[in-house]
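Next, two complexes with subunit A in common: one pairs it with subunit B, the other with subunit C.
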Partner chain A sequence: MSVAAAIRTRDVGELPSRRDEDWRWTDLRGLIRVLPAPSESFAGTLAAGPFDRLAIDHHVLVNGGDARIDVAAGKKTLAALRLVSRGAGAHASRVTINLAAGARLRLLESYESDGASVCQTALTITLAEGAALERIVLAEDHEDAVSVSQAEVRLSPTSDFGQTIVTSGARRQRIETRASHPGGRASARMDGVYLLAGKRHADHTTVVTHDGVDGTTNQLIKGVARDQARGVFQGKIVVSEGADRTDARMGHHALILSDRAEVDAKPELEIYADDVSCAHGNTVGAMDEEALFYARQRGIPEAEARAMLTEAFIGQVIDRIWFEDARRVVRNWAAERLRV
Partner chain B sequence: MLSVSNLHATVGEAQILKGLTLEVPAGEVHAIMGPNGAGKSTLSYVLTGRQGYEVTEGGATLDGEDLLALEPNERAAKGLFLSFQYPLEIPGVPALTFIRTALNAQRKARSEKEITAPEFLKLARQKAAELKIDFEMLKRALNVGFSGGEKKRMEIFQMAMLSPRFLILDETDSGLDIDALRIVSDGVNALRSPDRAMLVITHYQRLLDYIKPDRVHVLAGGRIVASGGPELALELERDGYDRYAKAA
Partner chain C sequence: MAAVKQTVDQVASLEKYKHGFVSDIEQDFAPKGLNADIVRFISAKKNEPEWMLAWRLDAFERWLAMDEPDWAKVNFPRIDYQDSYYYAAPKEKVGIGSLDEVDPEILEVYKKLGIPLREQEVLAGVVGAPRYAVDAVFDSVSVVTTFKKELAQVGVIFCSMSEAIREHPELVKQYLGTVVPVSDNYFACLNAAVFSDGSFVYVPPGVRCPMELSTYFRINAENSGQFERTLIIADKASYVSYLEGCTAPMRDENQLHAAVVELVTMDDAEIKYSTVQNWYPGDPVTGKGGIYNFVTKRADCRGDRSKVSWTQVETGSSITWKYPSCILRGEGSSGEFYSIAITNGRQQADTGTKMIHLGANTRSRIISKGISAGRSSNTYRGLVSAHPKAKGARNFTQCDSLLIGKHCAAHTVPYIEARNGQAKFEHEATTTRLSEDQLFYAMQRGLSQEEAVQLLVNGFVKEVLQELPMEFAVEAQKLVAISLEGSVG
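Coming up: the complex of A and B.
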């Protein structure tokens, strides 16, 4: 059962449903009665992507296809990866990213759609020893789109992996990252931001499995849901037996800005090692009305005060992006969506 | 300047203000003293428009304009400033950003030109020096991790930057040591002018040694039950509020 298989076979029975524990908040089987026909190949021209001006290498997949990014040992590059859906068909994409020893990559990944498409993207990311990858994902899907992105990340000792996923959701959207973490002074940052309005849905699912000693994982996800939107966070950190001196921190904090919005969170730490330092925090609540009144008393109109406080709330995640130019793109993108 | 007449207000089910009448003319400083639970903070919240404080009768005007019909931010733009008893922490928003946003929002509401960044920084440096505030502190998130005294000093700094016309100081002396009290009082006194007025809400007389009031009112049971000159504060300090609590 997989989304990719469902798209390939057009068999809705392959879609994950609420009966699958891991998909209970992002039920695709119940949503999609008939899978659309395969997407047609796209011959038109595309407008600029969100990261076009920052990247050196450009990889664009429209309506599916395969892409590969290899960074040789000791080399360094900046790549934009655009995954575009045009029309209302179904398609899948596969992306392979390999960083050789000591290679460095800034990956600026974006998702776009313009209609009721159903798409799945599978990424396989491998970091050799001493490699460093910062993955910044900006997902800007159409409100009728169904979009699933699934990344498998394999770290090596002394590698650094950092990601920040920023999304405004879709009709149903899931962005999933599964990282195998060997310890050995490797580090993983698994951040995310969701800003949801209307009837949009965004699901951040991450699993990090620590299999060796001396590994670090740090996660901060923040989200805002208004109208009838729904945010989902499923974060899991597994510390296997013997993976001592693992340092794992997980935080998920969400603001619900209307009575009909919803946030479902399942933070999990599964620890089988003895000597670890792990912490998690999870809060879901309304905006601080006292802080809001305080700002208004100083003269800031309500809408502006709400936007300011919300921007500051998610800004703490954006500030953790290492690559300053991308941080700026993301901050502007978020500010635009929060200003009324 | 500020005119409050027969003000009745409820918080939830509770009737807190029960016919409060008060006139504070321009150029004057009035103190409101009273026992705990008399309605002192309620008065400041009703005047500034906090949600959950409902006026059931009476009214309040600033320079003849109906305050109660305005949004909290509109009242601020008219020059009404409340120094909070417990200033809020604003995570992620540097103090300078917050104050500049507030100042420009007020200016915009008054159809004035926005302050430029260099003008703003110059003013901020000058006022920070006057209030003995480390300029670096203004780059940190507003009030986050600040001590009680620092928060109060930050209130006075905001007051100096926003230059309001009517100031309400709600228990501004609480949490201040004697040096901080002097700095804060100097900051407040520097704002005294013929076209400004202040309402100083305090439980203790101590603050009034530093900010000398023209008039003192006793608030008990939701009403002003006695008014007099500065000597009334000394009398209260000596005799306590018992007499007035009974009268209410």
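Coming up: the complex of A and C.
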């Protein structure tokens, strides 16, 4: 059962439903009665993508297809990967990314849809020893789109993996990252931001499995849900037997800014080794009224004060992006969405 | 890492389970197996009215149609429900009226366990010592309930469930199954069909129960399951504190304990429910035997400003699978859950709580401390949810896990569902092992390694122990030390 199989066979029975524990808050079978016809190939011209000006290599997939990015040993590059959906069809994409020993890649990934499409993207990312990857994902989906992105990340000892996923949600959206972490002084940072309004939904799901000694994982996910939006965070850190001296931290913090918005979270720890230090924190609540009062009392109009506080709230995650130019793009993108 | 090395070495030499003796008592059994006739047999044995039998048979029908759940992080061979006795009771001596007529063998059992069944014994200690009333459940039946008369003077009803069904059918009918519906889950449904006894408490409006009430559960018979059902109702502005303790003999086969506990609080009422669970945990090396503790406990805070507090110390059972929960329905009602779960040897525990916020300004607090040692596995699983009407709901959750040894496991699986903008939920969790620095510090000051570990572990669980009533806190503290004896330095 998988979304990819459902798209391929057009059998809704293949879609995950809320009866599947892993999808309890992102029910696709209940939502999609009939899968749309396969997307047609796209012939028109595309507007510029959000990271076009920053990248050296450009990879664009419109309505499905395969892409491959290889970075040779010791090389360094900046790649934009655009996953574009045009129209209201169904399609799946596959992306393979390989970093050889000591290679460095800044991956600027964007999801762009313009209608009620149903799409799935499968990414396989491999980092050899000493490789470093920063993956910045900007998901700008249409409010009627159903979008699922599933990444498998394989780290090697001494590699560095950094990820920041920023999304405004979709009708149903799931961005999933499963990382296998060998320890050996490799480090993983897996952050995320969701800014949801209207009836949008966004699901961040991450699973990090530590299989060796001396690994670190650090996660910070922050989100804002307004109107009738629904934010979902499912994070799981597994420390296998023998993976001693693992240091793993996970934080998820969400603001609910209306009476009808919803935030669901499941921060899980599954630990089979004793010499570890693992922690998670989770908070969900309304905006701090005292901070708001303080700002207003200093002459800042309420709407602006709210936007400012929200920006500061999610700013903590954006500040953790290593690549400064991308940080700027993301910060502007977020500010635009908060000032409505 | 001498401490860790020793830990592993010493797991093998675990302290023996102290309550593992078997008593030879003449007993009545229902025929082995489970079918509608067994349900009728149990009902007839207890002289139940027709409506109760109908209720049981309906539950049995529904149970047949249900599937056994498998989502918990526990592994065990499939239970053969036909290979067990569903009713085992000490043979009744003619007309038990007072304690003197109870089989002396049974009295001996309770004496051995240190449970005071004679009211004067309770008072025999220090002058002014707190008193508590006991309902003693032996296998399937309640053998004796103490202090009934004194409690009746203030209007508190404290008796066995079977007696309540006969003497207070209107209360039982009104509340039974309203908190945990018959078909709530597989084990609760089985319990509804075959439950044999348990305690019933009703505290009338405005009454503060003058003493602690307690039930002591003992499984003695071989191949039998224990299915007790407890119902506690705290009427308006009343208060009651209830304690529960349990032990079982050491046996090679697994025995099922599937209880249901229902609590109801009306406006301004409060129930404090404490459990010290010390069922036989099975053989620490082979994992053979031990109790399967699959229990459904739920409180319904119906009244405004009502409060329920669950405190549990879970040290026994080969498998524990329970989630004492609170449905916070009344405005401003609050729920608390304090838990210490200790697993050692081959034990498995999947436990936690559910705090379901339905009413405005409801509050809940969860403090869970899990300790795993040996080859055991310990999971905290919890749910905190706020419904759209639960404006101003607050929750604070803290779950900490302590790992002792290389082969144990600790998991944290919290679910948080916030469905309105005015709820405020905070959750934090940590998983660590005993700090070498702290151990070193304590030992450097002259404590032996064992004392140092006990000191640290006691500090780790202190927040929960503080919530237990005095006489239980002392027992629980000892139990914590015994459960970990041998596993830690």
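Quick note on the criterion: the second predicted complex is superposed on the first by the 340 of 340 C-alpha atoms of A that agree within 3 Å, B and C clash if a C-alpha of one lies under 4 Å from a C-alpha of the other, contacts with A are read in each partner's own complex, and residues count from 1 in each chain.
Here is the rule we use: a contact is a pair of C-beta atoms (placed from the backbone, for glycine too) under 8 Å apart; a residue touches a chain by one contact, two chains touch by 3 or more.
Please read all numbers here as calculations on a predicted model, not as lab measurements.
Which one hits more subunit A residues, subunit B or subunit C?
On the superposition, C touches more of the residues of subunit A.
Once chain A of both complexes is superposed, is A:Met308 in touch with subunit B (first), subunit C (second), both, or neither?
first
Considering only the touch criterion stated at the top, classify A:Asn218 as touching first (subunit B), second (subunit C), both, or neither.
Neither partner.
According to the stated criteria, A:Ala279 is in contact with first (subunit B), second (subunit C), both, or neither; which is it?
In the superposition, A:Ala279 contacts subunit C only.
With both complexes superposed on chain A, which partner does A:Gln228 reach: first (subunit B), second (subunit C), both or neither?
It touches nothing on subunit B or subunit C.
For A:Ala265 in the superposed arrangement: first (subunit B), second (subunit C), both or neither?
second
Once chain A of both complexes is superposed, is A:Ser180 in touch with subunit B (first), subunit C (second), both, or neither?
Neither partner.
Contacts for A:Glu241 in the overlay, against subunit B (first) and subunit C (second): which applies, first, second, both or neither?
Once the two structures are laid over each other on A, A:Glu241 reaches subunit C alone.
Check the residue A:Ile256 against both partner chains and state whether it touches subunit B (first), subunit C (second), both, or neither.
Touch partner of A:Ile256: subunit C, not subunit B.
With touch defined as at the start, can you tell me which subunit A residues reach subunit C in the complex?
Going by the criterion above, the answer is residues 21, 241-242, 254, 256-286.
Using the touch definition from the top, list the residues of subunit C that touch subunit A in their complex.
4, 71, 388, 391, 401, 403-433
Note which residues of subunit B are touching subunit A in the complex, please.
Against subunit A, subunit B makes touches at 48-51, 71-73, 75-77, 81-82, 84, 87-93, 98-99, 101-103, 105-106, 109, 141, 158, 162.
Applying the document's contact rule, which stretches of subunit A touch subunit B when the two form their complex?
Checking each residue of subunit A against subunit B gives 288-291, 293-302, 304-305, 308-309, 311-313, 315-316.
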